[in-house]
Structure formats: structure tokens, C-alpha cells
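Take a look at the structures listed below.
Next come two complexes, and both contain subunit A; in the first it sits with subunit B, in the second with subunit C.
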Partner chain A sequence: MSEPNASSETRAGGGLRRRRRRPRRAAVTGDGFEGRGALHRHLRLVAVQLRLRVLAALEYRTGFWSGGVLSLVWSIAGTVPLVVALEHRADIAGWTPWALCMLVGCHMIITGLFGALVQPSLYAAMDDIRTGALDYLLLRPVDALVSCLVADFEPWCLVEAVAGVGLLIVGMVGSGVHPSLPQLLTMALVLGCGVMALYALAVLALSLAFAALELQNLAYLMEAMLDFARWPISVFRGPLRALFTFVVPFAIMTSYPPMALLGRLDASAAVGALVTAVVLAGLARATWQRALRGYTSASS
Partner chain B sequence: MSTLRHHLAVVAAMARLGMAEAVAYRVSLLIWIVTSIFPLISLVLWRALAEDGPIGDYDQGDFDSYFVAAFLVRQLVASWVVWDLDRSVRNGDLSVLLLRPVSPVLHHVIINVSVLPLRLALAAPIGLAVLLATGGMQVLDDPTLWLLVPPVLALAWLLNFTVQLSVGCLAFWLTKAAPLFDLWLGAFLVLSGYAVPTSLFPAGLSEVARVLPFHAVLGFPVELMVGRLSWSEALVGLGLQAGWLVIIGAVAAVLWRRGLRAYGAFGA
Partner chain C sequence: MGEVPAIRLDRLGKRFRVSQREPGLRAALRALFVRTHVEIDAVCELSFEVPQGQRVGLLGPNGAGKTTTLKMLAGLLHPTSGRAQVLGHEPARRSHELLRSIALVMGQKRQLSWDLPALDTYELNRVVFDVERSVHQLRLTELVELLELGEVVRKPVRTLSLGERMKCELVAALLHGPRVLFLDEPTIGMDVAMQLALRDFVREHNRRTGATVVLTSHYMEDVAALCERILVIDGGRLRFDGSIEALVRRTRPLRRVSVRADALPTDDELRALGQVVEREPPRMALDVAPERVPEAVARLLALPGSHDLAVADAPLEEVMRELFAMRAPEDEAGAEPSSRGSDA
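Then we have the complex of A and B:
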């Protein structure tokens, strides 16, 4: 049994980035898995994993403090440099304080989703690759990548994302914008592209783990880099701006959604965001498949 | 005389061990280098913000100097004993260290210090390249104040080490203590002057931040090296460093002693 382990480790550690053993067989032995459509199988897997993790999260409520409240506190503490800059300037590279409030809201949505969905799965899957437990995931009648990306969740981290939505709305009210429906849709589109890009980067990191095995600090690197997504893209110049727009597209994740709401995002930028996200996702998928072909399991 | 030579040989052997461990995982080393250049991204950022006039008493050149120094100081005061100790308590590796004739604490000190030259050797070219790109930095121009730099850096390193040691010792009771260090690290990134000079903080917050141990580890040595401090300010900062070191060092010593007893009781 692996669940008692999880309880002792959770209680003892109570940390920000802990990993848990999870009862992964439950997803496979669930009824009605065979003979249905592929989409049904995948959706069921996601639903089962989500349900299990939510149940576990409700059981270990210290996670509310370590995963939810604490990450919210860090998120707010992380805005100190922005506050310092606003202390000395009326606006930051054309962004008023209220517009920045919207941007920070988007940042919290992104980091909340990263902490709740992306990072736990990334850690769990990297562990599986290192220990060879990936074999069991490969045997499932679902796409191995989907299995890896739903390997673990930290539902309490969604507290941060919810707070981010609140901050986004506060920023909208504060700056007095009344976005039209197309503007709202554009915002949803670019934010979706941002999440897609985030997942693509995670998959690229995961693919690297096949080659280098001990790469948990790569996930840490992603997390640390996300701090720079708190600054509007117009602050950055030259190569860094290109880097944060196309390669590690923080611009799409945090700058573009508020710009869409403020009506400052032109169509070409929106299309560019979509293309960037799709290209990144395609690249990630191809890299993943290449890496998976090289997987030889840990023991054989 | 022969005992001295023997001790030197032991220290040298352990230093070689630390070096070998550091270069064993080259990808990890690379990722660590990428992580450590973050102050240089802050440099670009604040440089752009200061384009149309200085922010506080920092103009573009001041930001260049500050963040390059921050980058170098962060390398020089680095240690990772909390993760090593946390792991070795949990999996019992500490027992092996305890059997050796050298104290495990000293073992970690030597292992951590021995990698500093490598870190500096990797970081110096990066810092130099940035300086060439931005057009140089201003450094402390009072040669007598430079005398304070080595002790200040040593104290900063010791502070960081003892904090990590204290948190790592909690693993004797909690089994897993490294996540607790994230609390320190989170506060450090905000309050130490790593992301933004603490003197630019809003009034009130600035004064508080500057007496905390976070600032003593990073912000104070950096400000000293770029020549922003007078003799009296430097001495006050040095006193703060020493004071924090006494407090945190005492905590670490108590935790280490009691922890060892708890560890033995575990029978691990």
C-alpha cells in the first residue's frame, strides 16, 4: 500500500513542493475502460485522477495552508519589486497600476495552474521515469503523455488561481474598462494559448528527463523564471523580449490577456500568440515521442 | 607537525570530494548556472525602467553595478547543506559521517567551501561579459573599506550556512525539513535586495528590511562592494551580521546537539 506513506510524508513535511505516492492502480482497474472510444477513456482517466487527488487534498487539510495560502502569500510577496517600481514611477513602461493589477492577476492564474496541475505531474512523471514506474503508465490504454500530465494534482494551489481571477476583475473595475465580447474572447484565447505554452514547456522539460534523469531542478527553474512573467513585456528589450515572447512566452501568458481587455492587443499579436503556442506544443509533442522511443525502463 | 600535515591532507581530500560531486551532474550544473543569472535579468529590467531618469538614487550605471555585484555575491555566499543534511538524516547516510573522525558539520563546511572557486570561475566570465556590454561598473573607491570586504563576505557565507544548518537539523524531528527552507528562501528573494535594492523600498519597509538577516547575507555585502556605504554604515552592517550570526549560530548549535540525540534515539 502506498497511501499510508503519503499521509506520514505529508504530515511530516508539510512543504511547498512535496511529492506524494499516489494510488495509481485505481485508475486502471476502474470499470468500463475497455470497448469505449479513445476520448472517453482519456476523459475518464483525467476525471478519476482529479477525483482521487481532490479527495486526498480534502483529507490532508494542512495542504490548504502549505499549498494554498502560502503560495498566495509568496505570490503577493513577489509583487514587491513591482510595488517598488511604482513607488518611483507613475507607470511602468506604459502600464498603469490598475493595468498591472490585471497583469498580476493573470500571473497568479498561470502560477496557480502551474502549481496545481503542471508541476506536481511533472515531478511525479520525472520520478516514474527515473524509477522505471513509467512502465505501468505505458501499459494503460491511453496516451502515455496524457497519463504523465495527469499523474498528480495539488488542488489547494488553485486557491492562488482563484485569487488571480479576483485580482483580474479588480483591475478591470479599477481601470474602468468595459470589454466587448470580442475583446473577452480574445483574452480567453490568448490566456488559453498561454496555458498551452506552459504545458508545452513542461513536456519539453519532461522529455529532457529521459536523458538526464535527475532533473527536478528543471521544474524549479521554470518556477523561478515565472517570476519574470510579473513584468509587462514592454519592459524588456531586444533578445530578452524575443525570448519572453516566442521561446518562453511569458508575454502570451500575462501581458497579452490584459492588453486584449484594454483593447491594446492588435490582431497580428493574437495570431502570433496562437502560432507560437501551437508551434511550441508541436515541438513538445515531437520531442516527447522521440524521447519515449529511447526509454528502456529502469531495470531492463 | 605531522598532525597538522595530516589535517591538511584530510581537508584537501574532502575538498576534492566536494569538487568531484559538483561536476558529476553536468546538466544540473548547467541548470544551476542558468538559475544563477537571474540578477542579470533584473539588471536588464531595472536598466530599462531607469531609462528616463534615475529611480531613487539609482541611475542605469548604478543598477548595472548593483546587480552584477549581487550576482557575484550570491555565488560566493552559496551553500546547500540544508538539502544534504535533510536527505542524510532521512536515509541514514548521516551515520556514516558520524563514524568519521571529522565532525559532520565541518565536513559540510569544507564540501561547500571547496566548490566556491569553481562557482566563481564559472560566474566571473559571465559577469565580465555583462560589464563589457553595459560599459563597466563602479566599485568601492576607498581602499581601506576594501579591507572590510573579505570578513563581510565570510560572515555572509557563515550566516547562510548556519541558517541552512538550523533548518536542516529540524529533519531530526520532522523527517523532512528542506521544504521549510523554502520559507526562508521565499523571504530572502524579496527582502535581501536580490530582486531590487532594499534602499528603494517604500519608507518604513526599507528600514525594517535592512536590519533583517536576509539583507545581511546579500544586500549589505553588495552595497559595500559597489561603494554605497560610508565607514560608519559599513561598521553598523558588520555589527548586524555578527549579531545575527551569534543568534542563528546558537540556535544551530542547540538544534544540532539535541537533534543528534533524537537521531540516536530513532536508531536509524
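Then we have the complex of A and C:
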């Protein structure tokens, strides 16, 4: 207790010494990464927080195992709409069954990540805002948004994401595609953009919760809307296609990755995906910071 | 150049905009479409300075603005006017350097994970606050020993009593070695023994580490026992700044002299000495001006069968009640309407 404060940013930054040092901002305007080693500390925060949530899930045996069973059922159920549709048609909007298999795989990756990481944290953080429990998250010397986005975790939902990876590989094998390295990199880029866009939408919903405290329904709405992402973007026409490409970019999340692997995604679409994701992320960050300034910290 | 004060407030203010409606279904339905808002000044032009290492108590009735002030000092709320500085930093900017130097413990909220042992949350805090493992372990051992927690930190938090949980919360708040400690009603709901243990701990922590302590509590004994200086806030404004003794002298300058005797004099016989405030034979008590205390003591000691004579300040609870009942001069002058806000 009597020792000096362990302000060990330099220690934490040890692993990043080879990187070029960025000049420290003269004034820190609000919440955000600060100083050397911040990235390392945040990554460790994510790891420890996820570990804690797994430990908390293990405290309740029945809940833990039932979560596992439900996840398996959910993974299988995710493929049913595809199977049913293909029983009646040879292809859907130009997508062959194996190409659709890849798309459904990407959809399951996205919904698995959403169910495991995004949705539980969204619920927990919204509840924290409503009850004032967010106070303790804001008192941590880390980016409050990162704290909120790892507030909770449903490990079993990752089963769906893993099943999605399997389905994506099955689809690739079935299609007989042998993607080149640029195609693989493009696929990883657009899938990453899709995840970034998903998080950005979640942050926008979370930011709204500061003003309108009871907004858990928005998280349900996001989950329901993700169902649109199980169909190729070419199914949609006109305004719906624009909506699902640029505003709620399901196309980037699920259609673009298999298109990249199949060699059907041109460079302009990939750049468009990147721009859309970056713009959404920037908008989400700005909205979050503005919302945080209006936090009223319910109750004493 | 002198030492940077732990806390410096300069005309700090916080205004909340809150919705209001009448009770009942009709009003609730109307409020769905048209909502009335009022602006409430929870804190008004608050100015004071706290040097490092001092123990300060914030006193005030419910809704006085104590918690709002603490939350602004901790960077949770943004002030609407004025300026706050904690260890030279502006709290609203939430710089990581400041957040590493402060801690806030709230008696009615918890940071410990409900389903896990407190040790797991401590490990999370170690990572978040970037405390070296050996330093963390040293502090943990010392705190667990001081608070007599033993194996309690290994049990799931949901199984702990309120007192045990609050002790564990204190450990969580202190593991990173904060230089300023904000305590908001830390003893609320606790039994007397646990309150005493927490008070002893906070005093000892302050002595050992030199950390500044700012405390709010509804229990006057907490503040009287812990704080060398008190700040009384009412209606968001500072009403008093000084020692408890000075507050008592200012608000209730009369001393209370009590005695037991076989025969008690009448009120009229004592009128020249002071005012009788209690008479339950064989005991009586009267409030006496300080300069007349020797005379009153001599008179009461001379009573037949006189014993148990005591001279004391008025009870703190009574002093506070009287202080809050007095209207602030600016309120009386009507310079600003009374605008007491909620603590949240």
C-alpha cells in the first residue's frame, strides 16, 4: 500500500518497442487510447475480461450445458432455409448451391460473433447505462468503449461461428474454387470490414441508449435484421440493395467474402466496402464520444 | 512552487434537465407525446480547495449535491459551468494518468463480478491499471490483512454479507494505490461494528499512504470520527467549510450542561444561566452560553445529591438539522430560486 504507484506504461509498451513511437497528444480530449503500450494493455483487458466471463458462465452448470446444446441446434437450424430454398430452385439470383453454402457459412460466422461477443456486451452495457453501473467502467484508465464492448461474452455462440467456417470450406471445396492469395486477402479484408461494420452498428445503438435508456429492443432488432444477410445481395433490388450495401451493410458481411473467393468481386467493390466500414466506424466513434459527455450516472 | 492541491473547484456547477409528469395512466400516456422538462441546479458555483493528504467530509441532506460533486471530481459527469481540478488534471477529460491516481467507492453500487470471487476482479483491475504482479500481490496481502478478510476474497461475491462485500470493494478500489480516494456512503446499511472497522481502516490507510480522502455519509459519526475538515453542501451550494468544532460553535454556540440531582431547581430559577431543554427527574439539561458555563457548573454542583455532571457540544445530528433548517442568505434575498437537485 505504501509503495509508489505502479505506473508502468513503459513496461507494458515493452513488446511494442520496435514500432515507431507516435507523438503523444498534448491534451487528451476525452476518452481514448493514451500513451505507449495502450494497445497492449487493451488487448490484455480483452483477454482477461473474456476469461472472467467464461469463468462466470462456468459457475452455473445447467445454464452452461444448455447453452451448448442450444448453440448446436441453432447452428444446424441456420442451414435449413438454404436447404429448403434449394429443394425448389437450382440457384438463387445467380448463386449456385455451393456458392450459397459459402454465403451461409459467412452468415453463420457473423451471427456467431454477434451472439458471442456483440449482443451480450450490448445488453450488459445498456443495462449498465440505465442503472448507473457504467460508473465503474468509466473509472478504468482504458478506453471506455473497449470496456463496454467486452462487458459480456457467450462462449457457446462461437460454436456457430466455427460451424460457419466449416461450411465456408465445404462450399469452397464443393465449388471447386482454388482462390489465389490476392483473392484470399480480399476475402479477409471484406469479412473484416463486415465485422467492423457490425460493431459500428452496435456502438451506434449503444450510444442511443444514453439518451433513451430502454433500448434493448434495438439489439433484438439487429439480431432479427441479420436474417436478411443470409441471402445474396443480388436478391435485393433498388433502395433495399443500397440500404444493405452502404447503410446496414449486410452485403459486405456475407455476400462479398464468397464473391471475393469466387473471383466475382471487383476492386471498386472491395474499396467501397472498406470506405463504408471506416465511415460507419468513424460515425459510431463520434456518436459514442458525444453520448458519453451526456452520461448522467443514474442513482447514487 | 507549492504542492499541487489534491482538489480545486472554481465556481463549479452542474445542471440536469429532467422530465416531469403527474402521476397516473393519463399523464403517462400524455407524456409519450408531450413531455415537460425542468432544469435543476444540482451543484451551484461550488468553490473550495483540498490539500493533498487531507480527510474531508461532505455533509448535506438528500439531494444536496454531494454525490454529483464526487462524480464530477471522478470524471463521470461533465460540469455545466466552472472548473474542477484533481491533482492538476481536469477530471472531465478522463486522462488515464488521473484515472490511475483516483478511486471511487460507492456504497450502493458494486464493481465486483457478482458470480466470481473478488480475487478474479482484482486480477482484472491489475491488468487494467497496469500494476506489476509483485506490487499487486504485496498490496493485496496487506489490504486483506488490514481488513481481516482472510478467505472471504476466494468466495463468490454473491455469497458475501454486505459488510464483507464492501470491504472487498474497498480492496478493489485501493489495489492500484490511488492518491485520492472518493468514498460515497461507504458504510450505508452496515451494522455498528462494521462501520467502526471501516472507519479505522480508512483512517489507517490515510495515515500510511498519505492519500487524500473525500467522504460523504449520512452517518454523522463517520464524518466526525474520520474527517478533520467538513464541507456542508445544501441546495448545491457550499454552506460551511471548517472543522466540526467550528461548525458546532457557529450553528449552536451554546454548550449543553446536564446533571443528576436529588432536587432539581425550577426553569425560572435557572433562566439567568440558560435555557432548560430537558427535564426528566432526577436528570436535567440546559443550554448555556460558553462564557457562563463555569457559573452554571458551580450552581449545578451545589445542588443536593448532585452527580454525573457533564458539559458537551450539542449532538451533531441536532446541529445539522438546525443548519439545514436555516435558509441561506442568498435564498432569503431571492437572488436565486432554491433549486435542490437529486444526487444523480
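Keep this in mind: the second predicted complex is superposed on the first by the 237 of 300 C-alpha atoms of A that agree within 3 Å, B and C clash if a C-alpha of one lies under 4 Å from a C-alpha of the other, contacts with A are read in each partner's own complex, and residues count from 1 in each chain.
Assume a contact is a pair of C-beta atoms (placed from the backbone, for glycine too) under 8 Å apart; a residue touches a chain by one contact, two chains touch by 3 or more.
The model shown is predicted, which means the values in this text are computed figures rather than measured ones.
Q: Should A:V69 be classified as contacting the first partner (subunit B), the second (subunit C), both, or neither?
A: After superposing on A, A:V69 lies clear of both subunit B and subunit C.
Q: By the touch definition at the top of the document, which applies to A:V146: first (subunit B), second (subunit C), both, or neither?
A: neither
Q: For A:V278, decide between first (touching subunit B), second (touching subunit C), both and neither.
A: Once the two structures are laid over each other on A, A:V278 reaches no partner at all.
Q: Is A:Y136 touching the first partner subunit B, the second partner subunit C, both, or neither of them?
A: Second partner only.
Q: Using the touch definition from the top, say if A:F236 reaches subunit B (first), subunit C (second), both or neither.
A: After superposition on chain A, A:F236 lies in contact with subunit B alone.
Q: By the touch definition above, which subunit A residues appear in both interfaces, subunit B in one complex and subunit C in the other?
A: Residues common to the subunit A contacts of subunit C and of subunit B are 8-9, 12, listed in rising order.
Q: Using the touch definition up top, name the residues of subunit C that touch subunit A in the complex.
A: That would be residues 16, 67, 71, 74-78, 93-97, 99-104, 106, 108-111, 113, 115-116, 120-121, 123-124, 127-132, 135-136, 138-139, 142-143, 156, 174, 176-177, 179, 184-185, 205, 208-209, 343-344 of subunit C.
Q: How about subunit A: which of its residues touch subunit B in the complex?
A: 8-9, 12-18, 66, 74, 77-78, 80-81, 83-85, 87-89, 92-93, 208, 212, 214-215, 217-218, 220-221, 224-225, 227-228, 231, 235-237, 240
Q: Can you check the complex and tell me which residues of subunit B touch subunit A?
A: Against subunit A, subunit B makes touches at 25, 27-28, 31-32, 34-35, 38, 41-42, 44-45, 48-49, 55-56, 174-176, 178-180, 182, 186-187, 189-190, 195-196, 200-202.
Q: Under the touch definition given earlier, write down the residues of subunit A that touch subunit C in their complex.
A: Residue list for subunit A touching subunit C: 1-9, 11-12, 27-31, 34-35, 37-38, 41, 44-45, 48-49, 52, 55-56, 59-60, 132-133, 135-136, 138-142, 144, 293, 295-300.
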